[in-house]
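One chain, chain A, appears in both complexes that follow, with chain B as partner in the first and chain C in the second.
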Partner chain A sequence: MILDWLLDGMVALLILAAALWTLAAPTPFAAVIGFVGFGLLASLAWVRLAAVDVALTEAAVGAGATGVILLQSAVRLRRGAAEVAAATPGRATTLLAGLLAGGLGLGLALAVLALPATVPGPAAEAAARSAEVGLGNLVAAVLMAYRGLDTLLESIVLVFAVLAVWAMGPDRHWGGIPGPRFARQRDGPLALLARWLPPVGIVIGIHIAWVGADAPGGKFQGGTVLAAMWVLAWGAGLVRPPSVADRRVRLVLVAGPLGFLLAGLLGAVLDGSFLAWPAALGKPLLLLVEAAMTLSVAAALALLVVGPPERRA
Partner chain B sequence: MTATTPAGWLLVVALVLPVAGMLLAFVLGGRAAERLALLLLGLGVGVGVAVSAAVLRMGAPIVYLPGGWAPPLGLALVADGVAAAMLLTTALVLFAVALFGRAAHATPPDQAETRAALAYWCFLLALAGSLAAAFLGGDLFNLFVALEMLTFAALSLACLEGKPSQFRSELRYLLFALIGSVLYLLGTALLYGGYGTLDFRLLAGRTRADLPTLLAAALMTAGLAAKMALFPLHLWLPPAHAGAPPAASALLSGLVVKAAFVLLLRVWIWVLPPLPAMAAAPLLAALGAAAILVGSLVALRQARLKLLVAYSTVAQIGYLFLMLPLVLSGAAETASHAWLGGLLQAGSHAFAKAAMFLAAGLIATALGHDRVTALGGAGQAVPRAVFAFGLAGLSLMGIPPSGGFTAKWLLLTSALGDGQWWWAAVILGGGLLTGGYVYRVLAGTIAAPPGDAPRPRPLPHGPQNVALGLALISVALGLLPLASFGLVQIGRPGALGALP
Partner chain C sequence: MTEALTLLATIILGSVAAGLWRVLRGPAPADRLMAAQLLSTGAIAALLLLGAATGDPALLDVALLLALFGAFATVAFVLGARLARQR
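Let's turn to the complex of A and B:
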């Protein structure tokens, strides 16, 4: 009991410390490192709260994918130090924002403490009916069945995001290759990592996506790991991103949401309800959609890291 | 109480059509994207009419439960009067703007796909899907997802020209929108913690006036107000809307801010308990009044036409907040008039402002600049665009006959009827100021061109006719008898014969 309190207290203090470090960090690069640390600590807090699915997502997407994207931005910002300095708010603004955020945090804490201890929610029904969709992991049942529309729309947001990032590039590079070019690494730690890690990482990524039906994991977390492996190989100059005009890439990007949509329409035809999982087709259809979603998530995250087209194909 | 109703499947069609269309347009690209977008946005008008007709025929909201899961376990799609009316408005404006954009973003058969064209057609469909999700969502978290979709679609349209100079103001827009989203999300988390559901119809009548609920409502209101650019959070809007290409400005000002408005109504009229809502509504309305006066005064002083139109949006958004204290006042007739007035303001502003931005864009193209002091000659070069600007201006001022007049008249009379005369004074003052800036533009366009100016370039009629068509709709809304707007009352808590 006391050990639990100590552990939780330590995690909480470390999270606060990481947050403060992120805010006070002297450079954007250092701030991103702090942010990644913050995300990993937060995922530890989720583990302590027995929300392993959330912990995995926080670690993979919150700390990992977001961290990589922010790191890239921090590196790119080095070229515009003067503009960054000009756009950085002054001390008074920072102080005011800090006070506002602090006040908001305090209010939220008080409000959370004032919440009723027990609330008649859908948790019991969710647990009781998860067998109907054949998903042992309750979180998967929420994501794929009860609130499937949220998941469908979230997966579509990723397609919006990729096209939005691509569309920020200049006209003349449309149809070209996105992102900076990296020299092929022959030796050194990155070359070694890029050769040895992906085989393992790909297996882990697929495993995380696969077990998501019955255990913590799922397409977003698994897809993130797959994306990370590709990004690693890209950074080492081993692979080249495809052209933004390549229809196959676009097909991979929409395969997940489009597959989910089609399965949903199939549910409407067979089971009389859009986004119902047709009992006759059962688990294979669900797995097919999950696989397509994993692939699309991986492609979208990797391409978000890569950025807009920067050179001709 | 919740089950899929007859015609509920129409809501799936309204959502799936544009969303699936966007995914396909993205894969196919080029000319196919353009054709698909035009086809589906045209069909969207039909779907909007069908949904409105179904709601009207049933006299009650139509509902669809995806997967058959009833809230609170699942989530519902709901089309009540507000949702149906906004869906139809959106469909009409989107289709018109799509037709307008054909001139700039057509992909001829033998040409390669271009960046701006693909982004334009894909994000038009994306915007249609996002707005449908925002109007039809029955669940506050699902509505958050809709807001996310909307932010991406709107931002991409705003950055369509790919000018780095524009990215600065759009980045500021993005920051406001994201902070708004975070505040909204925090609110939904608190509400879920308090009630175990996020379905706004289940929450209606069940919420308590305790700290978590009030803080949740305050956070969501602040977030949505930031997205709507309510005074004093309005500074991001004028540069973001004015700098975008005309078609995008029309959508951002006409439609995108209205999605946040509908969510605001969900929070204030459905979720918040009546007593605190009644107490706090005058504060929001006071900010709205300030927006009307400040926005109009600043619009009067603008040197650039598009910035003038954008500041006018800041002012016109203010009117939407005036309805809150009147709807919540308790008197049934005041509430129903103010409700109709507010929604009619949202609808007629959507048509009028879209028309105005399209017209302003055409005027700027014809003259080669958009300086308000040198608009001479525009009347000869693009007469229909100037006429569209004028008609839209009538609606914004609130001069009869126009949708804007009916809207402001209803708000005015319900304010006077309820003894809240100060809002009436604001409405009248705002109308006068609006008249000022619209007159400034119109008088300029009719004048002879300055001697040293290059000859204005006459433009084809097609895009001008689109602007004119939208302006005519905003006027025509004022010619309809009030009884024909019964649709918007359907499903409103407190409306006669409505279910709680």
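Let's turn to the complex of A and C:
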């Protein structure tokens, strides 16, 4: 008991220290390293709160993918140092924003402490009926069945995010190859790692996506791992990003949301309501949509890291 | 046994805290990156111990992800530093 308090207290203190240091970091690079460390510790905190699904998401999407996207932004922003300095808010604005955010955090903490021991809501009923969906993992059941519409919209947001990044490129590069070019590494640590890690990572990514039906995991976490493995091979110059006009890329990007939408319409035809997962086809259809979503998440995150088109195809 | 494993995880996190202090000091980006690596290695060890303490196999998956992204983050930072020098 005391040990649990000690461990949880230490995790909480470390998170606060990482957050403060990230805010006070001297360079953007250092801040991104602090942010990744913060995400790592937050992932530990979610494990301590018995929310392993969230811990996996935090480790993959929070620390991994967001960290790399922030890093890319830091590198790109170096060219516009003057504009960044001009757009950076002054000390008073920063202090005010900090006070507001701190007040909001404090209010949320007090609200959580004031919650009754048993929270009213449909959680108990959802838990009792999750077997009907054919998913042993309650989080997956909620995401795919009870709140399917949220998950569908979330998957569509990813497509829009990629479109927004592509739209950042100048008109003359539209239809070209996105992102910076990396020289092909023939030997050295990067070449070795880029050959050695992806086979392991691809297996782990598919494993995380597959066990999501019955244990913590799922398409977003698994897809992020797959994207990271492609980014690794890209960084070592082993693969090149396809042109943004390539139909196959666009197809993979929308396969998940499109499959989800079609399955939802099938539910409307067979079961009378949109996203109803018809009982006869339930589990296989669900797995098909999850597989397509894993691919689309992987493609979207990889393209977000790569960035807007920068040169002709 | 559960207590012993939790205690070990706590001690490891304590050593991670010392690593975090190293992140604070820097001074070169490489120092900070090494401390972040120590952080991820320590978190993996703590997760494996906690996984054994609670008997939850899902914690092994979290540790696996941290191991993958730890290696990946190092590469990403080196590539980022290389790009920054080119521009």
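We take it that the second predicted complex is superposed on the first by the 313 of 313 C-alpha atoms of A that agree within 3 Å, B and C clash if a C-alpha of one lies under 4 Å from a C-alpha of the other, contacts with A are read in each partner's own complex, and residues count from 1 in each chain.
In this text, a contact is a pair of C-beta atoms (placed from the backbone, for glycine too) under 8 Å apart; a residue touches a chain by one contact, two chains touch by 3 or more.
Because the structure is a prediction, the values reported are computed rather than measured.
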Identify the partner contact of A:Leu41: answer first if only chain B is touched, second if only chain C is, both if each is, neither if none is. second
Which of chain B and chain C A:Leu251 touches, first, second, both or neither: first
Going by the contact rule set out at the top, does A:Ala300 touch chain B (first), chain C (second), both, or neither? neither
Between chain B (first) and chain C (second), which does A:Leu7 come into contact with in this model arrangement: first, second, both, or neither? second
Return first, second, both or neither, reflecting whether A:Val289 touches chain B, chain C, both chains, or no partner chain. neither
Thinking of the overlay built on chain A, is A:Leu190 touched by chain B (first), by chain C (second), by both, or by neither? second
Between chain B (first) and chain C (second), which, if any, makes contact with A:Gly67: first, second, both or neither? second
Which residues form the common part of the chain A surface touched by chain B and by chain C? none
Under the definition above, what is the set of chain C residues touching chain A in their complex? 3, 6-7, 9-10, 13-14, 16-17, 20, 23-24, 26, 29, 32-33, 36, 39-40, 43, 46-47, 50, 56-59, 61-62, 64-66, 68-69, 71-73, 75-81, 83-84, 87
Note which residues of chain A are touching chain B in the complex, please. 104, 107-108, 110-112, 114-116, 119-122, 125-126, 129, 145-150, 153-154, 156-157, 159-161, 163-164, 166-171, 174-175, 245, 247, 250-251, 253-254, 257-258, 261, 264-265, 267-268, 271-277
Interfacial residue positions of chain A with respect to chain C in the complex: 3-4, 6-7, 10-11, 13-14, 17-18, 21, 26-27, 29-30, 33-34, 36-37, 40-41, 43-44, 47, 52, 55-56, 59-60, 63-64, 67-68, 71-72, 74-75, 78-79, 180, 182, 190, 193-194, 197, 200-201, 204, 207-208, 211, 215-217, 221, 225, 228, 231-232, 235
Contact residues on chain B for chain A in the complex? 4, 9, 12, 16, 19-20, 22-24, 26-29, 64-69, 72-75, 77, 112-116, 118-119, 122-123, 126, 129, 133, 141-142, 145-146, 148-149, 152-153, 155-156, 159-160, 162, 167, 186, 190, 192-197, 210-212, 215-216, 219
